[in-house]
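Right after this note come the structures.
Same chain, two partners: chain A is paired with chain B first, then with chain C.
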Partner chain A sequence: MSEVIIRPASPFQGLRTWWMMLKISLEERLVYRGDFALGTLMRFLPIVTQVFLWTAVFGATTKTDIAGYTRNDIVAYYLLTMLTRAFSSMPGLSTGIARSVRDGSVKKFLVQPVDYVSFLLAARVAHKLVYYAVAALPFAGVFVLCRSYFPPVPDAITIAAFVTSLVLSFLLGFFMEATLGMLGFWFMEVSSIVFGYMLVQYLLSGHMFPIDLLDGVPTGIAGVSLADVVHWLPFEYTAYFSSAVWLGKVHGDRLVWSLAIEAAWVVVMAVACRIAWWRGTRRYSAFGG
Partner chain B sequence: MSRYFAIFLTFARACLVRDMTFRANFILECVTSLGWMSMNLAFYLLVFTFTSEIGKGTGWSKEPFFAFVATGLIINSIVQALFMPSAEELTEMVRTGGLDGVLVQPLDAQFLLSMHRVDFSALANGLVGVGLLAWAVPRLDHPPPPVAWLLYPLLIVCGVAILYGFVIMLAAATIHMGRNQSLYDFWFYLTNFSRYPAEIYSGPFGGPLRMLCTFVIPILLVVNVPARMVAQPFTGQAWGGVAAAVVAAIASLVVSRFVFQRALAKYRSASS
Partner chain C sequence: MVFPYTRRMHNSDPSATSAISDPVICVEGLAKEYRVYDKPEGLAASVRSLFHRTSRIVQAVKGVDLTVGRGEFVALLGPNGAGKTTLLKLLSGIITPSRGTARVLGHVPWERADDFRRRFALVMGQRNQLWWDLPAAESFRLHQEIYRIDPVRFERTRDELVDMLDVRRLILQPVRELSLGERMKLELVAALLHEPEVLFLDEPTIGLDVVAQHTIHEFLRGVQSRRRMTVVLTTHYMKDVAALCERVVVITRGDILYDGSLAEIVDRFTTHKIVTLDLDEAPNQATIERFGFPCECRGPQVIMRIDRHRIAEVLPAILGSAGVRDVSVEDVPLEEIVAELFRSDARDAATAAEHAS
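So, the complex of A and B:
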């Protein structure tokens, strides 16, 4: 009779699994590199219309700034928002999770010693690495071409806060969308929910316009504007916040406080994602091979 | 031709039956689509709290601009309803070999691939566009003359034809690339240029861009020409726009047909 030997997992076992997942995902991304490169380069197109739109708006008004943003600030803001979205956007993540639940392919993660959420995170890191490799040159080119729109480079502390906010925005974007995808355990089709989320996200993240433009929009509560409410929600940390940090619109105590709110949202969404996975897999049943 | 029209009606009926089978999903799709449109309108309203017009002396103040937006909504909703759902499916058909089944059908492949699915929920935005137009036009300083109203539907058709040509060419790119998941994104980004009046593209970069998007890739003619017909005073210059839109529509259909046929000739099956 053969003897089954169960070896204790080495401390590097987890790292090796992660590295393998990252490698597989990188290779997968590079299979359709034409599609990937095209998708990456296209993201620069909307900024062109935004620049012309806001130039026309400033050309028709006597004001030199709108909600504290000059025309140059607005252009710089949209460019920085593109950079932030390169970290926080997770195309196809939630719909991919929901699809894997619906078609049953998620069941392999229930029997294999690979954590699904970690696998998704590794795949997303790989996606981003390939994206940055493809996009680094066009990004650098656009930023150099448009350097006149930007204020002087901020101090080291602001740069550190900017980088921290970008890393947190990646994690926040990932856990928000992953949690949304986990709703697939409860609903057969989540595409409409995802689209609804995208709408809210586009409006309240600052992707469409700087959140400061909502400063004068009343909420019905005395002394509280819509912008004040949005600051407490997670959305603006996936686009507006990092851009505003670089432009010096958020500083001092508010900067520290905002970073703390962003970190808190990352923790909340990571826990929500884990709970959704845990609860979802308990009610999930799959049949057949 | 009548045979193709009858087949298209059969496709449309089947899609409507499917949509009505999942009625809640259909309503939800309409609502989300309207939500997206409302958000854009809210953004424009916000912009008009800071300025009285888009571009100094361009004539695109609030009401004319909303007539422009309404025209864009109508044109885009027609394209989204009739052609985009089929084009989006093509990307997976090429990758999985499902295109083979279409190519052996005794029907024109371009017709089958671009018109077999109709998304009725996308028409919701078009209806709102009509409502928005009905709100904006009576508030204009210069009411459009009858000739403008006669030309307006023709120019809407031209706009749809130009966009259809782009959809077909993007679909052809899918066949070359093996997969083109960015098709919808590219469509969104390309049509982004048509969402604003051509006058905003001015200056050392804007001028050449405007020329490029008018004469080479005629995306600026799609909404600008019909919208100008009703939203701006009708002058003799308007006829130049009409001629340009008609020529661009015909050219777009012919060129896209040619490109699509060439792409199909290079198609190699992915199935076993």
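So, the complex of A and C:
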């Protein structure tokens, strides 16, 4: 009898299901729009202290730039980093996954014909869309107020690269945190692992300072600085990279290469996330449930 | 009360199993073992357990054989921790077994093929499928997509289910604002939208009031007979069983203790009947002794337990005694029968363990 009611699988079926998941998640997130509005305002507070700090640093030196950044560049950098972080940060994603494993609500995704990772992605896209809708105005306001800190608007290619890097940074952030959350299948509590990750992320993503500051830092290998190593890691693509692209710090071959590295990390983390889900559910089935 | 027969009593006769026509659930030697870690009390023990943990194997389900035919309504009964829920989890593919085989609708459940998952449903607990912050109608729409239900068919099924449970006014309200009973009803609607051929229910009426329980019984009975759906439910309420299930599978300590009809349980495991007499006045000691059976007196009412084989023989004498205004003869309540069934099994286990040691 079920054969009658199941619609034949069209090539767009996956897309349709995904679209419905997105719509439902959107509606769910809109319930919390007030929380978002407040969260957006809070986001701008830390930047004020950063500006004061760097003003003091520049006041104490006679140099006009540090690692290629003028005082204006630094302010522009932090503002842009905030924008990038609005794409790549995934509040509550990994802890949410781990919680669903602990409290058993993940079972639903074993019983129903729906893929958990796709579902999480749809929910996260919805989360971000609602966030941007709420945050667009305050963001625009701050950028207009601070426009004097920014260099002239870059060329179309740079802007295209910037937008691409933002989209990739969203995917990278998603798959990294989702993989982290899947560790919940092995550990009861992932919050300390998440904390460790956040710490490394904060230091190496460029959230704390531009990665260019690590340019001269030796690694013990001749001719390889710490910045060179960080360029090969995924972290800087979640904050530093997009900002540096907009500010014209990365261009030419290095821009192409960096985008390729970022895309490669997205693929690696997406595969890692999949594997973690497969192995995790196998383990869950065998031991818990 | 001592049972005449409390050994393993399910049909071990293979012809009985194969007699079930069109089987949708076939389970053979299905077993699930868990390793659990013991953590003794105290801080010192907690520190020691960082380095060395003692573990033991718990056999949640031990070698169960079970065949369920299309359209059957089966209750899994058993004390807490008997393995009922573990069995449901095995059948719905949430967990993989340690040994044994199972086929549900021709599929191995724990392979979790989408074809299989579109044809059954599992309702477990109250916060299961519905989105907490959204009206149930939205969750229903999502199910339509996930299960690929034809839009026309979807609306028809949804309206039908919603009307049967009389919850139309609830489906546009955020789920978190609903009561336990209302949520359970909507969970059931969500689970049945894709017209599953097999439905697993884990304690569907737990925590609900009598009216809600009754509504859910009526609903399940209606849907089940109309669609010829196969339903397996676990419960602790004999009301559920009496209202819904022709077949009862009693599980204790991971093993099937009894598999048969409800009527047969009553028939096989009741040794006594309950006779209630309404007298003109509260009886004195001499009257009670005259009855010759252990009695419980509540004012002018006397309740006696009498061997069921002797009822016909002793009842005339009792009725002949002076001052009997009314009499009723009833079976022992189902709850009591099943409770005693569980208890006697636990006693058997204890005895067996003593012999072994």
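One rule holds in what follows: the second predicted complex is superposed on the first by the 276 of 289 C-alpha atoms of A that agree within 3 Å, B and C clash if a C-alpha of one lies under 4 Å from a C-alpha of the other, contacts with A are read in each partner's own complex, and residues count from 1 in each chain.
Note that in this section contacts are C-beta pairs under 8 Å (C-beta built on N, C-alpha and C of every residue); 3 or more make two chains touch, one makes a residue touch a chain.
Predicted model, so just to flag it, every value in this text is computed and none were measured.
Enquirer: Taking the superposition on A as described, I'd like to know which of chain B and chain C A:Lys108 touches: first, second, both or neither.
Expert: Touch status of A:Lys108: second partner only.
Enquirer: Touch check for A:Asp253: first (chain B), second (chain C), both, or neither?
Expert: neither
Enquirer: Once the shared chain is lined up, is A:Ala286 touching chain B (first), chain C (second), both, or neither of them?
Expert: second
Enquirer: Applying the touch criterion given at the start, work out whether A:Ala56 contacts chain B, chain C, both or neither, answering first, second, both or neither.
Expert: first
Enquirer: Please work out whether A:Pro46 is in contact with chain B alone, chain C alone, both, or neither, and reply first, second, both or neither.
Expert: A:Pro46: touches chain B, not chain C.
Enquirer: According to the stated criteria, A:Ile24 is in contact with first (chain B), second (chain C), both, or neither; which is it?
Expert: second
Enquirer: Classify the contacts of A:Tyr202 with the two partner chains as first (chain B alone), second (chain C alone), both, or neither.
Expert: The answer is first: A:Tyr202 touches chain B but not chain C.
Enquirer: Which stretch or stretches of chain A touch chain B in the complex?
Expert: Residues in contact with chain B: 32, 34-35, 38-39, 42-43, 45-46, 48-49, 52-53, 55-61, 63, 66, 189, 192, 195-196, 199, 202-203, 208-209, 213.
Enquirer: Can you check the complex and tell me which residues of chain C touch chain A?
Expert: 34-35, 86, 89, 92-96, 110, 112, 114, 117-119, 121-122, 124, 127-129, 131, 133-134, 138-139, 141-142, 144-150, 153, 174, 194-197, 227
Enquirer: Can you list the chain A residues touching chain C in their complex?
Expert: Residues 1-2, 4-7, 9, 13, 16-17, 20-21, 24, 27-28, 31, 105, 107-108, 110-114, 282, 284-289 of chain A touch chain C in their complex.
Enquirer: Please output the residues of chain B touching chain A within their complex, sorted ascending.
Expert: By the definition above, chain B touches chain A via 25, 28-29, 32, 35-36, 39, 42-43, 46-47, 50-56, 58, 177-182, 185-186, 189-190, 192-193, 195-196, 199-203, 206, 209.
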